[in-house]
Amino acid sequence: MPDLARHPVVRRLVATALEEDLGRGDVTTGAALPADLQATATIEAQEPCVVAGLFLAPLVWGRLDPALVVEPPLRDEGAEVPRGAALVRVRGRAAPILAGERVLLNLLQHCCGVATLTRRFVRAVEGTRAAIVDTRKTLPGLRLLEKHAVHAGGGVNHRFGLDDGILVKTTHVALGGGTAAVVARVRARAPTALRVQVECRSRSEVEAALAAGADALLLDNQSPDEAHALVAFVGGRVPVELSGGITLANVAAYAASGADRISIGALTHSAPAVALHLCIEARG
Amino acid sequence: MPDLARHPVVRRLVATALEEDLGRGDVTTGAALPADLQATATIEAQEPCVVAGLFLAPLVWGRLDPALVVEPPLRDEGAEVPRGAALVRVRGRAAPILAGERVLLNLLQHCCGVATLTRRFVRAVEGTRAAIVDTRKTLPGLRLLEKHAVHAGGGVNHRFGLDDGILVKTTHVALGGGTAAVVARVRARAPTALRVQVECRSRSEVEAALAAGADALLLDNQSPDEAHALVAFVGGRVPVELSGGITLANVAAYAASGADRISIGALTHSAPAVALHLCIEARG
Amino acid sequence: MPDLARHPVVRRLVATALEEDLGRGDVTTGAALPADLQATATIEAQEPCVVAGLFLAPLVWGRLDPALVVEPPLRDEGAEVPRGAALVRVRGRAAPILAGERVLLNLLQHCCGVATLTRRFVRAVEGTRAAIVDTRKTLPGLRLLEKHAVHAGGGVNHRFGLDDGILVKTTHVALGGGTAAVVARVRARAPTALRVQVECRSRSEVEAALAAGADALLLDNQSPDEAHALVAFVGGRVPVELSGGITLANVAAYAASGADRISIGALTHSAPAVALHLCIEARG
Amino acid sequence: MPDLARHPVVRRLVATALEEDLGRGDVTTGAALPADLQATATIEAQEPCVVAGLFLAPLVWGRLDPALVVEPPLRDEGAEVPRGAALVRVRGRAAPILAGERVLLNLLQHCCGVATLTRRFVRAVEGTRAAIVDTRKTLPGLRLLEKHAVHAGGGVNHRFGLDDGILVKTTHVALGGGTAAVVARVRARAPTALRVQVECRSRSEVEAALAAGADALLLDNQSPDEAHALVAFVGGRVPVELSGGITLANVAAYAASGADRISIGALTHSAPAVALHLCIEARG
Amino acid sequence: MPDLARHPVVRRLVATALEEDLGRGDVTTGAALPADLQATATIEAQEPCVVAGLFLAPLVWGRLDPALVVEPPLRDEGAEVPRGAALVRVRGRAAPILAGERVLLNLLQHCCGVATLTRRFVRAVEGTRAAIVDTRKTLPGLRLLEKHAVHAGGGVNHRFGLDDGILVKTTHVALGGGTAAVVARVRARAPTALRVQVECRSRSEVEAALAAGADALLLDNQSPDEAHALVAFVGGRVPVELSGGITLANVAAYAASGADRISIGALTHSAPAVALHLCIEARG
Amino acid sequence: MPDLARHPVVRRLVATALEEDLGRGDVTTGAALPADLQATATIEAQEPCVVAGLFLAPLVWGRLDPALVVEPPLRDEGAEVPRGAALVRVRGRAAPILAGERVLLNLLQHCCGVATLTRRFVRAVEGTRAAIVDTRKTLPGLRLLEKHAVHAGGGVNHRFGLDDGILVKTTHVALGGGTAAVVARVRARAPTALRVQVECRSRSEVEAALAAGADALLLDNQSPDEAHALVAFVGGRVPVELSGGITLANVAAYAASGADRISIGALTHSAPAVALHLCIEARG
């Protein structure tokens, strides 16, 4: 995902978020402060976290006032920082700094939240072959940023949408006339650049998927023991991904199955925000 | 917030979310299923929750195929439902039902998550005078829906942005030359329809705010005991809101202070998703 | 209304106005002049006026050619200037200066028109306590600029839309079951940052509004004498605004009532344009 | 201008106007009235006027609630109606009727204002050969509607923008090296469907324009007598238009010159709003 | 590519094309015909062709007038039709039929042109294993339609953009430090759903690509004989695609190499338009 | 068409084309190359051609990375260049250069294709009075660029849309009640800046058009001999344009008729792409 800061989806998100918060303008700051009061401000972490999304700072503030000077990010994407760490620094007119404060914090506290949760899962499976993978269970409008934060946290990205990856779910099999027929149709119709992954919930489904020529498997809603057995059965013929009901408490047990990937919706849909705040002071 | 389903911000969010997920089209379903296969599908709760956002179903599916028949929501907004409850039902071509499934679930699991968390806070303060109030700490692009979900959960909405409410923060006071000066300037400049709320962190700040003619106070980062003392000091002269560090574990202690409102950012920025799923079957 | 020049609504308006006028391009100038002919141009007032909107000049011209050099506004917003006063000066290629001329003049002649008319009303009530206030009777798409121009003219802004202020009109009372019921519902449902203003047309309506706990009153369509009597009856308990049928000829009589505010739709919907023109000459 | 009601510029204007006024929603009506209260409403003229823009009613209300039933316009575009005339009638839920009221009235009071002022000029020149013509001195964003209103008022449309008509102004002549050179370049470069009109301020300029092959003339800032003499000099060789300083008081004198067209910026930039209001009542 | 007619990219293209052609409105038809003149019209092929894009007819005309009745397409996508074949039929008001005529014909003549050219290539390689494949060499803004037309013509779609397929070109290899290093990095970083195709121009490059684990090869700018030798060398280990300099005259020779796919930019960037026209007549 | 590079339609087209191709990002380059690898690249012609559209290079690349340095175009618009000519040069980070390569080439190969084909027609009629003219038979979304390319190729632009030129077609005459009635209505209703051109297919239609006061004629679908006779009959009273069935093989014969203009749809709808390619190398 190169050059995310210039991606039109990210730029539109920033614009939308600012319009959502500013409405017709910041009536408090506009009245409370002299229009040209100068200030310096820093965003700090109020708890330990993994950093993600700092490149958003100049997008938010630059849109409000191109004269604001936003320093390059004080930390790398993916860095683990302690409570109190300074992440972003800006100087210029106080009014636009304050007008953008909440939007920027809302973006960063979520990106850092996703990266931090991902890192915890990654740490929990260290020493196994399993990669931690995201899903399409993302917050609407925030997917590109969330996928970036997963990557910053040490995870691996699954497909970004319905068009850049093929996942034949059990629903498709049931509605479409069986694994063999469905996989054959998909192979014939879909663009040739895409692998065909097939969701399975039992050994017989795994057998059918392999027989149909699946390029990869997704084993959904298995217990760790069941996962272990199915992974062994596949025996490395194709990559295997596990999903469903996986938490920080049990992810190590799933990883011990030898699966190649473990995908977790909570990385993006339920990551708690990281506490961040902005410290601002006037400049002489 | 009347007629939320037709609000342009909501409609643009749905469009954005669909473009984000569909990209150039659903390559799996498009190849796996006959284009005109008919189906019926139901969204069910996989855990007990408070319902919010069900009016989104026809927006999502109607945009993909106006011929889909989406039944009126099976539950009222704000209803508490058990695991297994059916929430939404649709029938028509299977392909667009599946193409919209993930986007709709992503929206609903977040709306229901916010409503459910809000309800838990509301329950925790029952019997006190305190209302549970949201903040501007929302997920970018989702504020209108989140504010609606807070309302559905039994909470009360604070301002929607920087333009429809005045909150003089300690930052404004520090940068702007003191409480009296800042409040006076704000009264003179801001539109006359807006009350002036002032953030305070100590008794002396409360005294200054009242002397300056504040219409309401926000007491930030107080312990329950401190909150109790300050609320007593205010003595009902103006409404008092508490914020900062308030959790399900301590909200009752804060509410016991007699404050009018308790505002909690986590309602919107850290509500865990509610587990929902779609059951679909072919129709003869 | 901080940083109006960067507000997305203003930027979209400028873009829309330019597309409206330029269409596929300026066929006359493009053919008539050498593409790189350099010029200097000045916008001048052709009649005495109050200045508003000069910050729009770099928005219009900068969009056509970022290399144009637009000087800082030659007059402050709200300044009273004589016939012949220079307001804006620009230099650079003649073609984009001419391509933006009409759009910029159309914007400025209206902003100055609104500010000038507002100033006349403000002058007419000098020495009374009455502020001159605008309304929502604005020209579609131009409200933010018009509200700014009212402020530049010395007026005070009423609410900017249906969402940032509460005005219970007689229509709401009639349809909603009476003043007491409607005001109670509004208090319970509306965001807490907003005052509740109630429109009244008689003493009994004023009494009902005050009994219901209105924070402010709007007395509509009263004669000056009636207004005087009602203002006296209110006796400063809440702010009182007058509206309806108020002109330059009678505004002083209304202001003599002691009302706090007088709102006038004509400030924005019927302000005559101020005559402005652009003088341009080639540069050696 | 066929099918104006479906033109994307008009549709975007209506959307923009509604977003401008509604913001995040109508907090008063949403709280004051039951969501499904049914009503009937009528827009009436509060003063005699010429009608224009009534096709906008279903655009505004339909966007808020497609279930609203807007009757076909009660009057034809261009009709002269007395005080009290009913123009538009709608029935359905009261909330969206009230939410759209102000936007629709703001649009209609301006359209009717333009049409009414145009009609007064048209009446003033009856019996002469002069048509009343509009200009590009329009309110930004409203040009298509204003041009329609001019037509409804009996006027004739000049070019809609810089791209669909050629007007060589004295500025072009001065900067571009003289009438002959400029007209020749324009003829060679501009699309062939467009006539070449040349602005003149004296007899010598008229002679130069005719010699250069102008298809039409614009005589700017002439007295009625000067206009008379120049029109006589042209003697019907090309159509002649007059502009500059023309008011209701002197338009007849200008028209007596025998000019083909008289163009007046005030038709669109300074037309006073026509007083309209909405009467609404609940339906059993 | 399911449900292409409702894809937002297609809908925006239709809107853009109509705005491009209509500008401020159809001045000829609006003046020439009675506004409510009824007509029936048919689009006919003026030369034999392969049909594509007929689903666009209701999109174009429905946007101009929802009351127009557009019959379901008279031919299937991909059908070969003779000169004179009727493809689309519409009835309703003549003005919007004519206003949309050119835009619709412009779209259809290009879609049919692409499908027809594709079919000629497909016919030329019948009896070989080679599929005819498109490229990213498309006309800007028209890619989705063109890819659909290729499919209708019997071709197969390559990736739709830079994000839904991996193609390691010789440029990447040269700039990135060699085949092995680049392929390894791409495998580690790119989303797991995508195959890795590597462009090669010689046997040594093929060997390097296979050694690096390429999932597919693209042999660029080979003569038919060279292609034959390299395909034989690969021997079915991975799919092989040929590109560069392939025309209707030589495509059979290339297909005889045994390659799996032959990609041709001219399918989309140089397909001659198919001659179509609209026949319209008034209805009694 | 002044300042085409800044025209919003062109800017939107570039944005659309980039979003179409990049989707969620360039997965190959992003993974294959170091993010900050520096390079120099040149676009070269792979066959002789007429140059058009080179001003697009900074628009495409600047949107991906404003730090890229795009040299001023190496050739003038309209220049005839040999195979191997360098047209555009850029330096900066390799990743955005490659990310924009295909979009820019797609734009340029079409613009140059249109200009080159136009030039061939222009050369074919040298020595006659006939100008080569474009039509509205353009590729949707590309009209402004195509019209520019026609001009660069030496052609003349006909109207840009339905609003900036009047062409009374035989369809209008048939549906509208005859030439005289239709032309009279059009004259009365259409904006006065536009000439009235009338399409004719026979001498009697020419006579009717002239009698009705047509300002120009379009003779459609005539043989060269028929064209010759009709042009002679008109005898210079109004300009005459020929269209229909005109190719490089017969255009000289048509031009020999003495017609003023010859319009050819193939200039824009069927111009073969010119072969261009990008050469890139790393910079130390």
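Every chain is named by a letter (A, B, C, D, E and F) in the order it is written, and numbering of its residues begins at 1.
As a convention for this text, contacts are C-beta pairs under 8 Å (C-beta built on N, C-alpha and C of every residue); 3 or more make two chains touch, one makes a residue touch a chain.
Everything numeric in this text was worked out from a predicted model, so none of it was measured.
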(message) Under the document's definition of touching, what chains do subunit C and subunit D have as common neighbours?
(response) A, B, E, F
(request) Kindly list the shared contact partners of subunit A and subunit D, in label order. (result) B, C, E, F
(request) Indicate the whole-number Å distance between the mean C-alpha point of subunit E and the mean C-alpha point of subunit F. (result) 22
(message) Suppose each chain is reduced to the average of its Cα coordinates; what separation in Å results between subunit A and subunit C?
(response) 45
(message) How many angstrom lie between the centres of subunit B and subunit F, each centre taken as the mean Cα position?
(response) 52
(message) Please tell me the distance, in whole Å, between the geometric centres of subunit D and subunit F computed from their C-alpha atoms.
(response) 34
(message) Where in subunit C do residues touch at least two different other chains?
(response) 9, 22-27, 29-30, 99, 144, 160-161, 163-164, 166-167, 191, 194
(request) Indicate which of the five shapes (line, ring, star, complete, other) describes how the chains touch one another. (result) complete
(request) Please give the residue numbers of subunit A that touch subunit E in the complex, ascending. (result) 133, 156-160, 163-167, 191-195, 197, 216, 239, 261
(message) Using the touch definition from the top, list the residues of subunit B that touch subunit A in their complex.
(response) 9, 12-14, 16-17, 20-34, 37, 39, 94, 98-99, 102-103, 105-107, 109-110, 113, 136-144, 160-164, 166-169, 171-172, 174-176, 182, 185-186, 188-191, 194, 265-266, 269-270, 272-273, 280-282
(request) Can you check the complex and tell me which residues of subunit E touch subunit C? (result) 23-24
(message) Residue numbers of subunit A touching subunit C in their complex, please.
(response) 15, 18-19, 22-27, 29-30, 35, 63-65, 95-96, 99
(message) Going by the contact rule set out above, which residues of subunit C touch subunit A in the complex?
(response) 1-4, 6-9, 144, 160-161, 164
